[in-house]
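Pasting a structure below so you can have a look.
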Amino acid sequence: MLSEALQRAEQVAPRLAARAADHDRDASFPVADFDDLRHEGLLGLMVPLALGGMGAGFEEYTKVAMALARGNAATALVFNMHASVTGALAGIAPELARALGATEAFFEERDRVLRAAAGGALYGVAISEAGAGSRLSLLQSTYHRDGDGYRIRGTKSACSGAGHLDAYLVAARAAGGGDAPVISYFLVPDAPGIEVEPGWDPLGMRATASHTVRFDVRVPVAALLGGVEGLALPLAYAMPQWLVASYAAVYVGLGQAAVAEATGYLEKVHGAKGTVTTAARARLGRAEAAVEASRLAVEHAARLVDVAPGEPETNQWIHRAKLLAGDTAMGAAASLAEACGLGALGRGSPLERIFRDARSGAIMPPRSDICADYLGANALGLDPRSVMEAPPW
Amino acid sequence: MLSEALQRAEQVAPRLAARAADHDRDASFPVADFDDLRHEGLLGLMVPLALGGMGAGFEEYTKVAMALARGNAATALVFNMHASVTGALAGIAPELARALGATEAFFEERDRVLRAAAGGALYGVAISEAGAGSRLSLLQSTYHRDGDGYRIRGTKSACSGAGHLDAYLVAARAAGGGDAPVISYFLVPDAPGIEVEPGWDPLGMRATASHTVRFDVRVPVAALLGGVEGLALPLAYAMPQWLVASYAAVYVGLGQAAVAEATGYLEKVHGAKGTVTTAARARLGRAEAAVEASRLAVEHAARLVDVAPGEPETNQWIHRAKLLAGDTAMGAAASLAEACGLGALGRGSPLERIFRDARSGAIMPPRSDICADYLGANALGLDPRSVMEAPPW
Amino acid sequence: MLSEALQRAEQVAPRLAARAADHDRDASFPVADFDDLRHEGLLGLMVPLALGGMGAGFEEYTKVAMALARGNAATALVFNMHASVTGALAGIAPELARALGATEAFFEERDRVLRAAAGGALYGVAISEAGAGSRLSLLQSTYHRDGDGYRIRGTKSACSGAGHLDAYLVAARAAGGGDAPVISYFLVPDAPGIEVEPGWDPLGMRATASHTVRFDVRVPVAALLGGVEGLALPLAYAMPQWLVASYAAVYVGLGQAAVAEATGYLEKVHGAKGTVTTAARARLGRAEAAVEASRLAVEHAARLVDVAPGEPETNQWIHRAKLLAGDTAMGAAASLAEACGLGALGRGSPLERIFRDARSGAIMPPRSDICADYLGANALGLDPRSVMEAPPW
Amino acid sequence: MLSEALQRAEQVAPRLAARAADHDRDASFPVADFDDLRHEGLLGLMVPLALGGMGAGFEEYTKVAMALARGNAATALVFNMHASVTGALAGIAPELARALGATEAFFEERDRVLRAAAGGALYGVAISEAGAGSRLSLLQSTYHRDGDGYRIRGTKSACSGAGHLDAYLVAARAAGGGDAPVISYFLVPDAPGIEVEPGWDPLGMRATASHTVRFDVRVPVAALLGGVEGLALPLAYAMPQWLVASYAAVYVGLGQAAVAEATGYLEKVHGAKGTVTTAARARLGRAEAAVEASRLAVEHAARLVDVAPGEPETNQWIHRAKLLAGDTAMGAAASLAEACGLGALGRGSPLERIFRDARSGAIMPPRSDICADYLGANALGLDPRSVMEAPPW
């Protein structure tokens, strides 16, 4: 039985699919898609029931994201950023936050932000930078105390939804810090001082509007996420689900869309005649088996996030999920393109877009090569931070 | 929490592992392994509680088989054959059997056979033939009515456990049949007229004693499985779990053993120094992720077998499980051999044996290429029997 | 030492590269590229010296095509069609043609056509059709005798260079034929009655202008290629170089461009610092080794075409070349995209275009799956025509 | 036209093949194979004509090694070691050696050693050690000046042909050296003080008798290779052909044997009926194409070694050849095993042995992962020694 949220996601998905080709062509943001998600209450997916949301956990998020990605993976990727912000906020344990120094003001601000999401506010993530990628420890954006708030300055790249967000989750380094970087998260409301530089025109996932954004803003103290400085790096290693595994669901949905499109195309071309070649049938069979196995892996990781967040086994599964989902989507899309032929690969056809969208899965941080290294280090009982050539964060 | 059966299997597995190198070297049957399994009651795994067994379903079987395969995959493969016979017998629905014509004598015989398994009897499968492989429709062994029983004649190949079995599940064709072959199963007790031709000396899975066996025997009417002739082919297509998916668990366990052995070997060589190369760490990481994903696929298929046997979705998952488990075990073993190096590949070392054992997974019927074709045909809504170049059965 | 033609191709290639992004963006035909090729005399590459051309053989063609493809693979693909027409015409052995019935008129026409190419005329190929692909035996376009010439009618798809060609090589079926189709080639000059339907807007190789073209034209008898009807199918099987292997060189050049672009990108990002990760270095190393090996295969096949055209060993190498070049280009481009990251995959960057262009290599006829089947059939001494599920032609 | 040496190798190969199963079973040295090679003069393959040998270059060696490996790859691997010693000795340029300090005594000894090979002496290589592998810079065996000669002490592993050799090429470190290790080569005649520890019992290449050997010997000054200390490391980087590429030919031959055996097996099982499945035909086709491409790569590298030894392009090709030959042989053997099925994989059948033999190609130093890293570093213009995580030597 599908959850209420998943039912709504599945109802919305065909509308996303119908608009996908246009947004892909123009690299334009799917405004109507987010109107639909807002209307269905799905922007409140991760918001607790008490705050007016749907109170979903990570597993339910995962299934919703897959469903949306079967419609348009780019839309689902932006949705994933919003879910990451709201899900991470909702997931902060009050006792822990208080023990670390969070005040009531923080909780009031947090609840306000979540209530706003349930009401339709859209949030995004501004972490990556041109030189550092998503390596938190290498970020160059800074913040410093400025009166009763903080001043944040820096230039962020690949900020999905840029220009369409109500607030940005910004990661920045404490200015004038010593050797060990102190990296903190701030939720920065859209305001003057936030300047979007249009220019997003990539191979795939073109509708995410992941422009570069310049920040020079002042925020109140309560904008500091968790109410404590320096949380970004330890969180990334301790509970990496929103940085690592939330993407994975999108690429499973994309892989499923590849299988569905290829199946439909071959049926259309060959009808009920069964004239699909053995080689093409086998490509379809191998692809659908691999995609469904990657789905199980992502769902399994998601269940562990819900029941045992931060546990070593959970974090191992989070990285397995990212690795398998990204590699599988690309492999499936490439092989299915070969099974269907050039007739299925015209601009504007779904399989053509999916093939391009699929290339980014293994590359989005942490890359498949990094995930594989992390998994191997963990399997050997080694600390990834000390042994990996390029630590993930 | 582990089931009682799984706990016992995990306790027994190290003893299997300790004997594995000797049986592999000599291609000898692991008699002591089966004494252990008998002693722990695991030969009654699939036997209903009411008949003195453990009453396991397919999912529990799957986990037990994985655990045994982590010790010795060859032993687990023989165990899989025994579980197939007892599991299939136990799974016969009484109403259906009666509707098809099964008499009380059949049920009495069935119960006797299952009680004997709970008491320690070991059964195996004699289906394959030199010319037909496991294509049931091409079998040349025959049976005909002979007084108050049947006379069965033919030569079976790759009969795992040959010479160590209390009874053989034999598939044979009704003699003098017309165009459509009538293929039936018989449970044939070990007796004069069953002649084992030693000669099993393969690349891997050497301890299964899968010799050729000549049959020229008389059996009572009650030996006819299900009490009805002609069940073999429809069963193979309708409920293929024991013919297809029971192997899969063995190759998941083998893949897990490959990961464990490689991890242990790299730890031993490099200690806590973290001097394992990036390339080797990444091979280990990719292998363990793939193996664990194949485990999820096999366990998912097994759960479906328990709750929705014979459903199209279940049968699709059964073939996905077989495909993924076989291909993954070989890929993981080959890559991990490369990660560890020649020092890990001396005769008698576990990784050397695992590499050889792993080659058979994708080849055992139905082969990976056949599974892929079946899956593709199903995805396209085509009947595999009519469209596949080489139908599985 | 480079041949004169190869030197010119290498000089021209950077100019092609400079225009590639614009033509890719607009799916527009690279008119200036062909002006350059014309100016350098390269349209006469395959034309005998005696007729004013460069008198190149297949191996020299191969190297020229690789060089052009390193600049813009789409331009090289159109050039390959022109070279196929002129090369096949130039390669017709006079004695054989006469023995088959060719008259002096045919030779005069042939020489006129070749002289025109040396003077700058551009030819292309109109074989494929929507339902048949490039399966010659399934073509639906027809021709019939009409006075002192032929009337040709049909709709051709994927006709590279459509609208920019001086003549089209059209394959058509003799109208009213019996069971065995009689497929003939005609060289049809651009004329009223040839109608280009714009609409070419594909994933990759976008600058080839491979539009659909409708033919309803009358041609003189001398337009019949070889002067004999029914040559198309036997030629395809006996001397498949121009139908199969001429593409291969283009995809080798594309693979080389992928390696060069990725190398340049990584050098630019990492400078002389050697901070490229081990995983990225290994991806680059594996890709460049595979691409160079595919180059050797294509050059070896090309040499055999020159010295032993039509020999079984030659035809086996022709199919190996096609298979290896197509698969290698895609694999290299996909892996190098992963090595370089999303920063290298913006629209307009060479690697982004190459990744899309590369997808078509394995799909262009005969597909990699078909080549593999053909090669296996040949290795087994079987006639591909009788044993393959889908014969290539 | 085949060279005399190649003709003889092809005549001898079937005799090697006929003995291969026995030596593989027993892990015994193929004494009769080397009697055959000796009788045909092939032990003098690399010895200059003036010294009684066949005067072959690297390319001819490559073809001879492939031919022998088509018979028995293990025999060819031992032959490769002998060819490495004699080829490296024969290849020492007199002017360079004199400039570095080599005396007439060195040349006399060198010529004596080569003449002996032409007369039937068999040499091998004792470089690897348990802790260091083949990393020359990490070797622990030592030598020091001792009167008018050197004393060499150490334990070598994986010394192919151990116990059957007339002399061993030993790499050792100058005792008491400073920070930079001085590694030298000595040709050590079989003598008391050389103790073979039987124990070679590996997965594949079982007939090479690559036992551990303990050395505690005195040699005359003239045994120092090249007459100069410290040559080993610079030679390994400057002219790596005998350390890297000589293996490659063996694995090409092994891949060819896999193709030939699989072809023969499928023909035997299916006769002329053409009932081989599409999937199996395609596996055969892909395997034979890949193996033949790897052959071209190895032959191309070998030609460059002959005409431009030590050039960067040559050394790049040497590593490409090693990478491609090792990976291709394993991939082909594994896929062909799947095409043929378990019936082709009984102990004693060629395909079973080839599958095991093939696993070592990518693992023998430098491993495929190391070659890929080296190739990528070179492509980026970086010095492999400074940038690679694990430099090859």
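By letter and in written order, the chains are A, B, C and D; residue numbering begins at 1 in each of them.
Everything below uses one rule, namely that a contact is a pair of C-beta atoms (placed from the backbone, for glycine too) under 8 Å apart; a residue touches a chain by one contact, two chains touch by 3 or more.
Please read these numbers as outputs of a predicted model, since none were measured by experiment.
Engineer: Would you say B-C or C-D is joined by more C-beta pairs in contact?
Structural biologist: C-D
Engineer: Per the centroid of Cα atoms for each chain, what is the distance between subunit C and subunit D, given in Å?
Structural biologist: From the centre of subunit C to the centre of subunit D is 41 Å.
Engineer: Determine the centre-to-centre distance between subunit B and subunit C, using the mean Cα coordinates as centres, and give it in whole Å.
Structural biologist: Comparing mean C-alpha positions, subunit C is 50 Å from subunit B.
Engineer: Which residues belonging to subunit D are in contact with no fewer than two other chains?
Structural biologist: Residues 277-280, 282-283, 369, 373, 389 of subunit D touch two or more partner chains.
Engineer: Using the definition of touching given at the top, classify the network of chains in this structure as line, ring, star, complete or other.
Structural biologist: Per interface graph, the chains form a complete graph.
Engineer: Can you list the residues on subunit C that touch subunit D in the complex?
Structural biologist: Listed in rising order, the residues are 259, 263, 266-267, 270, 272, 274, 276, 278, 280-286, 288-290, 292-294, 296-297, 300, 317, 319-320, 323-324, 369, 371-382, 386-389.
Engineer: In the complex of these two chains, what residues of subunit A are touching subunit C?
Structural biologist: 27, 133, 158, 201-204, 277-280, 283, 330, 334, 337-338, 341-342, 345-348, 352, 355-356, 359-360, 362-364, 367-370, 372-373, 389-390
Engineer: Could you please specify the touching residues of subunit D with respect to subunit A in the complex?
Structural biologist: 277-279, 282, 389
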